[in-house]
Amino acid sequence: MTLSKEVYAEFEDVVGPEFICNDPAIMPSYYATEFAAVILPENTAQVQAIVKLCNKHKVSFRPVCTGWTGKFQAGVVLLDLRRMNRIIEINEKNMYAVVEPYVITAQLQAELMKRGLHLNVKGAGTNCSAMLRGHGHLDQSTGGDDRNHLAIEWVTPAGNIVRSGSLGSSDEWFCGDGPGPSLRSILTSATPPGVTPGVFTRAAMKIYHWPGPTKFPIVGNSPNYALSEIPANFMTRYYSFPTMEKMWQAELKIGESEISFELMGFNVAMVAANITTSNEEEEAAFKRLSKEVQGPGFLIILAGNSAADFEYKKRVLNHIVNAAGGKSLASLEDPRTEGILMCQCIRISASIRETFRPGGAFSSIPVMGQRDLTIKWAIGAGKAKEPLIEKGLIVDDGGASFGWGVEQGHLGKTEIFCKFDPQNAVAKQAVQAWHDEQSARAFKERYFALLSPGQPEEIGKALSNYHVWWNKLQKELDPNRVSPEGGALV
Amino acid sequence: MGLEQYKGDMDMCCRCSTCKFVPMQQVSGFQYANVCPSISKYDFHSYSGGGRLNIGASMLKNGFNYTHKLLDIVYNCQMCGACGVSCNYAMDMEVMAPITEFRIKCVKDGKTHPALDKIIAGLRKNDSMVPVTGKRGDWAAGLNLKDATKEKVDVLYYVGCLTSYDKKLQKLARSTAKILQKAGVDFGIAGDAETSSGGAAYEMGYEQDALDQAKKTMALIKQTGVKTVVASGAEDYQAIKVLYDKFKLKGDLKVLHIAQYIPQLIKEGKLEPKKNLELAVTYHDPCHLGRLGEPWVHWEGKKVPGDRFVFDPPKVYRRGTHGIYQQPRDVLKSIPGVKLTEMPRNKEYAWCCGAGGGVCDSNPEFAQWTAKERIEEAESTGAEALVTACPKCEKTFSAAIEANGSRLKVYDIVELVEQAIE
Amino acid sequence: MEQAALVNAIGSGRVSHDPAELESYSSDVSFANRVRPASLVKPRTTDEVHRILKFANETKTPLVPVSSGAPHFRGDTVPSVGGALIVDMSGMKKILMVDRDRRVAMCEPGVTFGELIPAAQKAGLRLNMPLLPRASKSVIGSILEREPVVMPKYQWDISDPLACAEIIFGTGDEFRTGQAAGPGTVAEQRAVGGVQKAPYGPGTASLHRLIQGAQGTLGIVTWVSMRCEILPSLEEPFVVGSCDLDQLLELTHWLIRQRMVNECFILNNANLATIFANPAAADYRSLKAALPTWTLFYTVAGGEYFPEERVGSQIKDITEIAQRLGIEAVRTVGGISANEIMKTVQQPCANPYWKLRPRGASQDIFFMTIREKLEGQIAGMAAQADRSGYAAADVGVYIQPAVQGTSFHCEFNLFYDPGNAKERNRVRELTSSATKSLLAGGAFFSRPYGDDARMILNRDAASVEVLHTFKKIFDPNNVMNPGKVCF
């Protein structure tokens, strides 16, 4: 659907001619979709005005932050939130930061580190918006999923501005819940399969103590960055274990003893990806590291608040690892490699080298929730990858999955990738089949359900009919159905 | 092959947006996180490195639809290469090459920018990328320099169009010459015979003109018989060293930028900066000396069939790692009283001065906007002076300083060295 | 309401129309208007709750769910309208699961803290509790009311410790939140090794957050699972007394920021004396006089590995911070040992409930706030109390750092004699005027109860509009506790 000249002019009146475009030339840069227009609002008032116009003319809209992924219908008005990129507040005493959608995590993180603070970094990477819902490397000590949000400013699909919690009542960002029932029940931001309809224009995020340096001492030129020294009271190690069960036991105890700053249940393929600067190097490193490990493992970063705290954490870690028969990957103990991995995992969240670099695409089944349960499922999903690896259809990562405990092991996240060349139709098809089979198995065997738009009715039915309620909510909140679902908005 | 050879690379773009920012580890705060002037100014994703690749991939597949907007996107890019550096921190794919090829295709298809056409017309007519007043070698009057086209010398000092013809910048040529004289280098210039390097023409998309200039310039160099060329302009240095190598014209010619040559002369004891200059400075890495200045890598190969984007033989990407970063800093540190403070964006992830890719001619306002951002960044270091190693940077910065009432001074590195060795 | 129809629908053994029993639900310690319910039902099973909802929807009978035993304090369990059916859930008393490795427990609404604590302890777990809940307090009741908890370190999200819940919505539909939603029944999930722990989802919505704070206006919860913490093997309690609240808040900030302490809260001398004075000996005044204005209490704990070393290093680090601030952590305050405080707050309150001890009743004013505003709000409350004739020094103050240091729960306890009309009216008026000025001073009343709820909610019309959308969907016939919150 294209906008008539008159309607286009109405949108143009909101943002000015510089910040709206419907030229076909720009469309391919924004996904493979013919948008009705791309609009760059500058503030909440403009977002509201745009949404109201969308309602008036029954035109659908979708917002994006940095816009890593997304699936869009043709004819949608795309709100590229790039101009909404301000850090509104960093409240050190009350441990929260307020940001607009296009503040990337790396920016907020750098500002926080200067103040002895940091934040949860989503798996999508520090190149993505700081205000999203999600999971990442630092979940062990900084929570995850929708649990880092405090108050949120939300332009509803109907064009109302709702300010949740303390923001609506007392103009402060510290609490997102109440008065009474919490609007955070639906203000959960962007995560597959759906997103809260409307647009989040500002959000307060919980922030956390950072015992490290105000800035990592990086030396070298890209991509050969390394740390000139390992920061005081920091340590990064990778431990492998004889069995998955032993690894889980160690992970469980590490969570319970609250010693870990970051615990990343990496497979060595992901370690190899992170410490290397090219695909060739990565392949060689993977082969080398695979020979060094005895089985599945995890990367752990310890961060002490003091020398005594650090020593204690190290002692406990050694005890737990030894009890579980764990073995440190000696080649990662080299301080240069250790520093690369530490900085990579904290400041970048590792994502791109380990996902897109090898083949250009990856298919993933991410599961949030109960770590031990999802590990059980992932073992089978990993085995099912092996024939694809043998046929050379996907990148060899040993068939492994990855994951970590969230909130010192209270919750968890497990994920499994197939990295492949999207130009290879056979590979694409094989990966899709793997994805379908393994998510169907997860559902059938009652591990979890991977939700997606347009999923079969039986999935919703088996999940307390959640879809019925969500559809009702959407209908009420979005009477003109101008805020469609689909895709993440990282 | 043109753009087609980069289809695989363009398809690799995962739209992660790192091309818009300095490498994530180097993000030092809210400010100065951006690295691409184009997306920073124009905001639509299309103006980013990734957006450009997405457009290229799509148009290869679906046909080229030249709209006014498309050309606006194409020509509002300094071709500074910063997007490629940030992308190639993590990804194995060509970024600047397909962006350049897209521009070349536009020119071949007649979709040019009138301001750039004018420049190229000047080049074809006068062998200069800048307006010609007087003769190319006028700046050397009274310096008693050797004419390398007439007498044998060890080193040819290649001056470049802007430094030769721009009255305000001719001082850089004189400083360079004095430094070389002081060091006792057996060098000469080509004087009026010097030809435009054509580097800027290439980045504007005029590939054939660039190639013509390369051939002419190399013929001249060959005629002089020198084995070493020293350039004081970063763009020319990059053209002769990198582009000519890409064109397979460079041979075994040794190409040095003056900022690279000076530390060598100091080390050999031929120069000694003695005079205390008492100056707090910050250094701007010219794109063509830094990330774009790293050597060309000749490679031919094929993608290995299978899961990974790997090639046989393995492809070595130019990721901005091996640019000239340290030597200019060594020069500054060797000058007594000069205190160097780095800007937040430096070396391979430095912010462009704004002039590259023909933007200083096609969209001077954008060039000035870009320069202003750099001036503010330089001021944030507390420096009194911004030092660079490229006449185009100096020209752009000087204009921005004047327009914005900044107190910052701009020097080329040769100006400081000349003062220090007096 | 047709009594026979009710009995017919639910079963005679569960229904009561005994006037004395109904009378006991018609009022509470708060200033809520006395409204006598028409009937009372005490379900024992989820199926019975289903039948109650069906009956209510068919007959448009207002339902008032109650989980805890008396005395009630906030008016939320007193009907706002006539003809109500009290649904007293206290008979559903099963502890359904305690799982050590997954740190989770599940129970029905009738289970009290006194009952769940030992069950958790047996498995090596503990609950993150509110401060000294009364003996009759339902664990689920506390969690659904988003009551503050005494270990802010473990409160990652304000919804903690709630994990999952089963709710029968006002429509009569059953729903399970978070991981418990499925796929499959709870039994099917258990069979494959699943516990009901992850709170978010399914899908975009996280409806556990909607149920909390709803005061029973959206449905009736039949079980809740909650995250538990590992029982420490070694605990060292400390107190820090000061007349400088800011100093204590600064220390508290660092203790929580670096996650060095478990229990952590601040009481003023009135509240600490109220809790620890011997009711029989009437030594409240002398104890209060012996106490500093403010007392910060915290515990340092060690777990399975090298607990002495853990506790030792934490104490050392805390000492350094305290010294920097010029204060000292000690083991007793005004004759009360830190150990006694620790033992006391790790259990529900002994009878009589501490808030009733001084004068027989207490009106609580509580809200969420931040550091910058807290002291001003406390001073404002004191001035207001004095002006009203209620001695500011007698106002109990409880400051609970919340959600890992992102906010504070601040609570003023106004003790009074409910039999004394003048005293009662004074407290009632003070509550109303103080609430108004606290609101003006930025206090966030995230859990609004009683008379002031409307005033509080009126400040945020946009949110209220969305809440009404929820209500329309989940309780279209408005049978669930009508008159509460904004419904």
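Each chain carries a letter (A, B and C) given by its place in the written order, and its residues are counted from 1.
Operating definition for what follows: contacts are C-beta pairs under 8 Å (C-beta built on N, C-alpha and C of every residue); 3 or more make two chains touch, one makes a residue touch a chain.
Because the structure is a prediction, the values reported are computed rather than measured.
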Check: graph minus subunit A resolves to B | C
If chain centres are mean C-alpha positions, then the most distant from subunit B is chain C
Here the gap between subunit A and subunit C, centre to centre from mean Cα coordinates and rounded to Å, is 33
Per the C-alpha centroid definition, the whole-Å distance linking subunit B and subunit C comes out as 66
In whole angstrom, the CA-centroid distance of subunit A from subunit B equals 37
Multi-partner residues in subunit A (2 or more other chains touched) are none
Per the touch rule, the subunit A residues reaching subunit B in their complex are 19, 21, 23-26, 28-32, 38, 40, 66-69, 80, 82-83, 87, 103-104, 106-111, 114, 125-128, 215-216, 218, 221-225, 277-280, 283, 343-344, 347-348, 351-353, 355-361, 392-396, 419-424, 427
Subunit C partner, complex, touching residues on subunit A are 91, 93-96, 143, 145-147, 150, 156, 160-166, 168-172, 174-186, 188, 191, 193-196, 206, 208-209, 211, 252-253, 256-258, 305-306, 308-309, 311-312, 315-316, 319-320, 368-370, 372-373, 376, 407, 409-411, 443, 445-449, 451, 459, 462-467, 469-470, 472-473, 476-477, 485
Note: in the complex, subunit C contacts subunit A through residues 101-103, 146, 156-159, 173-177, 179-184, 188-189, 191-195, 197-198, 200-215, 217-218, 227, 230, 253, 257-260, 303-306, 309-310, 312-314, 316-317, 320, 368-373, 403-407, 439, 442-448, 453, 456-457, 459-460, 462-463, 465-467, 469-470, 472-474, 485-486
In the complex, the residues of subunit B that touch subunit A are 8, 11-12, 14-18, 20-21, 23-30, 33, 43-46, 48, 50-52, 54-55, 57-59, 62, 65, 67-70, 73, 85-86, 88-92, 306-310, 314, 317, 319-323, 325, 347-349
